[in-house]
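Heads up, the next two complexes both have chain A, just with different partners, chain B and then chain C.
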Partner chain A sequence: MDAGTVVHTYCAVPGATEVGTAGGIDGSSVSTVAVGRVALVIGELSAERYGADAWRKHATDSEWLAEVVGQHHAVLQAALAETDVLPLRLPGIYQDVAALRRIYAAQEDALAQALSSIRGQVEMGAKVYLSKATPAAASAASGESGRGYLTRRISEAAEREESRQRQQAMVVEAHDTLSQQAKRAVVNEPQDPALSGRREPMLLNAAYLIPRNSQNEFAACSETLHHALASEGLLLEVTGPWPAYNFAELSLSKAPAP
Partner chain B sequence: MVPRSSGGLTPRGNPPQNLADVLERVLDKGIVIVGDIQVRLLDIELLTIKVRLMIASVERAQEMGINWWEGDPFVSTHGPREHEGDQRTLELQRRVEALERQADGGVAAPQPDAIDEKGE
Partner chain C sequence: MSLQPGERRDVGLADLLDRLIDGGVVLTGDVMLSVADVDLVYIGLRLVVAPARIVSESIRGARSVEGEHGG
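Let's look at the complex of A and B:
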C-alpha cells in the first residue's frame, strides 16, 4: 500500500453489501472491507490532505470541515438508499487496511450488534422553532390612570406566561406524538443560533428512529403536528430520512491486544 | 455539496438537510472505534473543542452582521484569533493549547503499535 495514503472509514453496512465505487471524499472511490458479519465502507485518501495532521490543522477551518463533512455524509446518504447504514464518527483515519482490520476485528461482535439494532430503520429529525413570540405588551393608551396601567401590565404578563406555558406543553406533546411513531427517540441540545442560522429560539431538537417502511405515517403525523403547532406560533421542521447517526451505539468489548 | 433547508416541512423524498444538521450529526454522533494508532481519544476531544471554537467564531461573525450560514456555506469564516476578547473563545483556546501541549509532549511520535491506553 502507498505510504502516502490513509484509510478513511465512512460507515458499516451489512456484510456482502455492494456499494457504489465512486463519489467519495475528494472524488475518491469507495469500497468495502469485510469484518466478520459486517462490511466497512472505506476510501483511500491522500495522507497529506486527509491524514491526522490534516485534521488537526483544519479542525477550525470551517470551509475544509464543511466540505469533508458534506462529502462524507453524501456517501452515507447514498448507501442508505440501498441498505442499513451504521455511521462511524469522524475522523476515522487508519494507516492502512491491515491496521483497520486489526482494530475492528476486536469490535466485530459489538459492531454487528449495533448494526442489527438499527436494521430496517432510518432516522428522522424534528426541530421546533419559536416563530412568533408571545403577545407583546401594547403601548399605553393615552389618559390611562396609573392604576389602569398597572392592571393592564399585570394581565398582559399573565397572558404571556400562559401562552409560553401552552407553547411548551405543545412542544412536549409533539415530541410524545412523534416518539409514539418511533422505535427510539433522542432529544439533543437545541442548536446554537450561529449553527442553525436562524434567529428564532429552538425549542426542540430531536431525532427519531423509525422503520423504513413507516416513513409515510411519520410524514402524515408530522404534517398534522405542523399545523397544530403553527396555530400557536411554533414552527416544526422535519428532516430525513437520515442514516441513524443518533442511534449508532457500541457496547465496547475489550481493546485489542497490542 | 449539501442540499440546503428551506424551512417548513419536508417534501417527501427530498429531505432538506442543512449544513448545521449535517455537522451536528457527522461530527458529534456515530460510532467511535478507539485504538487507532493515528487518531486517539485526545485527538477526538481536541477536535470537538475546536469545532465548538469554530461555532463560537461563526456566532461572532453573525453578531457583526455576517450571516455566514445563510450565505454560501463554503465561505471561510473568521479564525478565533480575531476574537480574543470573547471570554468563551479564550477559555476554549486555552483548553486547546493545553491539549495540544499534552499531545505534542506525551505522544509526539506515535509508534506503529502503540495502542491508546485509554482505548478499550
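Let's look at the complex of A and C:
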C-alpha cells in the first residue's frame, strides 16, 4: 500500500463472502479483508481526496458529502443483493489495512454478534403522510344567520377532531401491522418537509427489520394498508430493501463471555 | 406505491441521510478523525438538505403574508 492512499470501510459481511465488482467511491475498486469470521468491505482511496484532511475540509460541503454518501451507499446496496450487510458508520478511514485489522480484530466478537443479529434480514422503511388535510373552517355564507353559522362551525370542528383521531388511530394500527411482519421495528422522528421533500406533514417515519425471504408478504401487507390509509386521507410510502442502517448496533458495553 | 428506493432520487437521498446520520456500527479505537471532526461531518450531512429548507421556509413565509385564511 502506498502512502498516497487511505482505506475506506463500507460495511461488514459474513466471512469468505465475495462482493460484486461494482465500483466504489471515486470509481475505486472494492475488495474484502477477512477479520476472523467477518469480512470487511473496503476500498483504497486517494489520501489527498478522501483522507482525514479531506473529510475535515469538506465536512460541511454538502455537494461533496452527498456524492460520497451516494457512492458509499451504492456499494452497500450492491452487497445487499448478495449477502448480509452490516453498515459501518461514516466516515471510516484508516491509514492502511494493517491499522484496520488491528482495530477490528480487537472487536471481532462484537462485530460478529452485530452481524449475526441481522442475518438473513433486510430493512424496509415506511412513512405516512397526511395527504388530505381535514376540511378548512368555512366562512359565513351570505344570508346565513349568526346562530346558523355558529352551529355549523361547531359541528365542523367536531368532525375535524373525529377525523384527526381516526387518522391517528390508523397510523398506529398500520405501524402495529407492519411490526407484526418484522423481527424488529423502530420509530424515528418524522422528517420535516425540507428533508422529506413533501409539503404534507409526516406522521410516521419507521423502519422494519424483516426476513429477506418475506419481502413479498411485507409488500402485500403494505399494499393493503396503503389502500386503507388512502381512504382516510393518508399516504403510505414504503421503501427498501435497505441495508439494516437502523438496526446496526454494537454492544461493546457487554462484558466478554467468561 | 414505490418499493424501489432508487425510484425517486430526491426522497432517496433524504432517506439515506436520515439513515446514515445515526446508522451504522461505530468501533472504538478509531481512526484518523477525532470525535469533533466526525461531529462536524454529521452537521455537514444535515446541511445537505439545508438549501431545500431555506427555499421551503421562504415559500411558507410568502404564503403567510398572502393571507391568514389560507391555512
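We adopt the following convention: the second predicted complex is superposed on the first by the 249 of 258 C-alpha atoms of A that agree within 3 Å, B and C clash if a C-alpha of one lies under 4 Å from a C-alpha of the other, contacts with A are read in each partner's own complex, and residues count from 1 in each chain.
In this text, a residue touches a chain if its C-beta (ideal position, glycine included) is under 8 Å from a C-beta of that chain, and two chains touch if they have at least 3 such contacts.
Just so it is clear, the model here is predicted, and its values are computed rather than measured.
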{"item": "Fit or clash between chain C and chain B when superposed on chain A", "value": "clash"}
{"item": "Partner chain in contact with A:Ala220 - chain B first, chain C second, else both or neither", "value": "neither"}
{"item": "Touched partner set for A:Ala157, first chain B, second chain C, both or neither", "value": "neither"}
{"item": "Touching partner for A:Ala98 - first (chain B), second (chain C), both, neither", "value": "neither"}
{"item": "Which superposed partner A:Ala16 touches (first chain B, second chain C, both, neither)", "value": "neither"}
{"item": "Partner chain(s) touched by A:Glu67 [first = chain B, second = chain C, both, neither]", "value": "first"}
{"item": "Residues of chain A that lie at the interface with chain B and also at the interface with chain C", "value": "6, 12, 51-52, 55-56, 59-62, 65-66, 69-70, 72-73, 77, 86-95, 103-104, 106-107, 111, 114, 125, 188, 191-197, 219, 222-223, 226, 236-240, 242, 245-246, 248-250, 252"}
{"item": "In the complex with chain A, residue positions of chain C that touch it", "value": "1-5, 10-20, 22-33, 37-38, 40-41, 43-45, 47-53, 56-57, 69, 71"}
{"item": "Chain A residues within the chain C interface of the complex", "value": "6, 12, 51-52, 55-56, 58-62, 65-66, 69-70, 72-73, 77, 86-95, 103-104, 106-107, 111, 114, 125, 136, 139, 188, 191-199, 205, 207, 219, 222-223, 226, 236-240, 242, 245-246, 248-250, 252"}
{"item": "In the complex, chain B residues that touch chain A", "value": "1-2, 5, 7-10, 12, 15-27, 29-39, 43-44, 46-47, 50-51, 53-59, 61-62, 67-70, 73-77, 79-80, 112-115, 119-120"}
{"item": "Footprint of chain B on chain A - complex, ascending", "value": "6, 9, 11-12, 51-52, 55-56, 59-63, 65-67, 69-70, 72-74, 77, 86-95, 99, 103-104, 106-107, 111, 114, 125, 188, 191-197, 215-216, 219, 222-223, 226, 235-242, 245-246, 248-250, 252, 254-256, 258"}
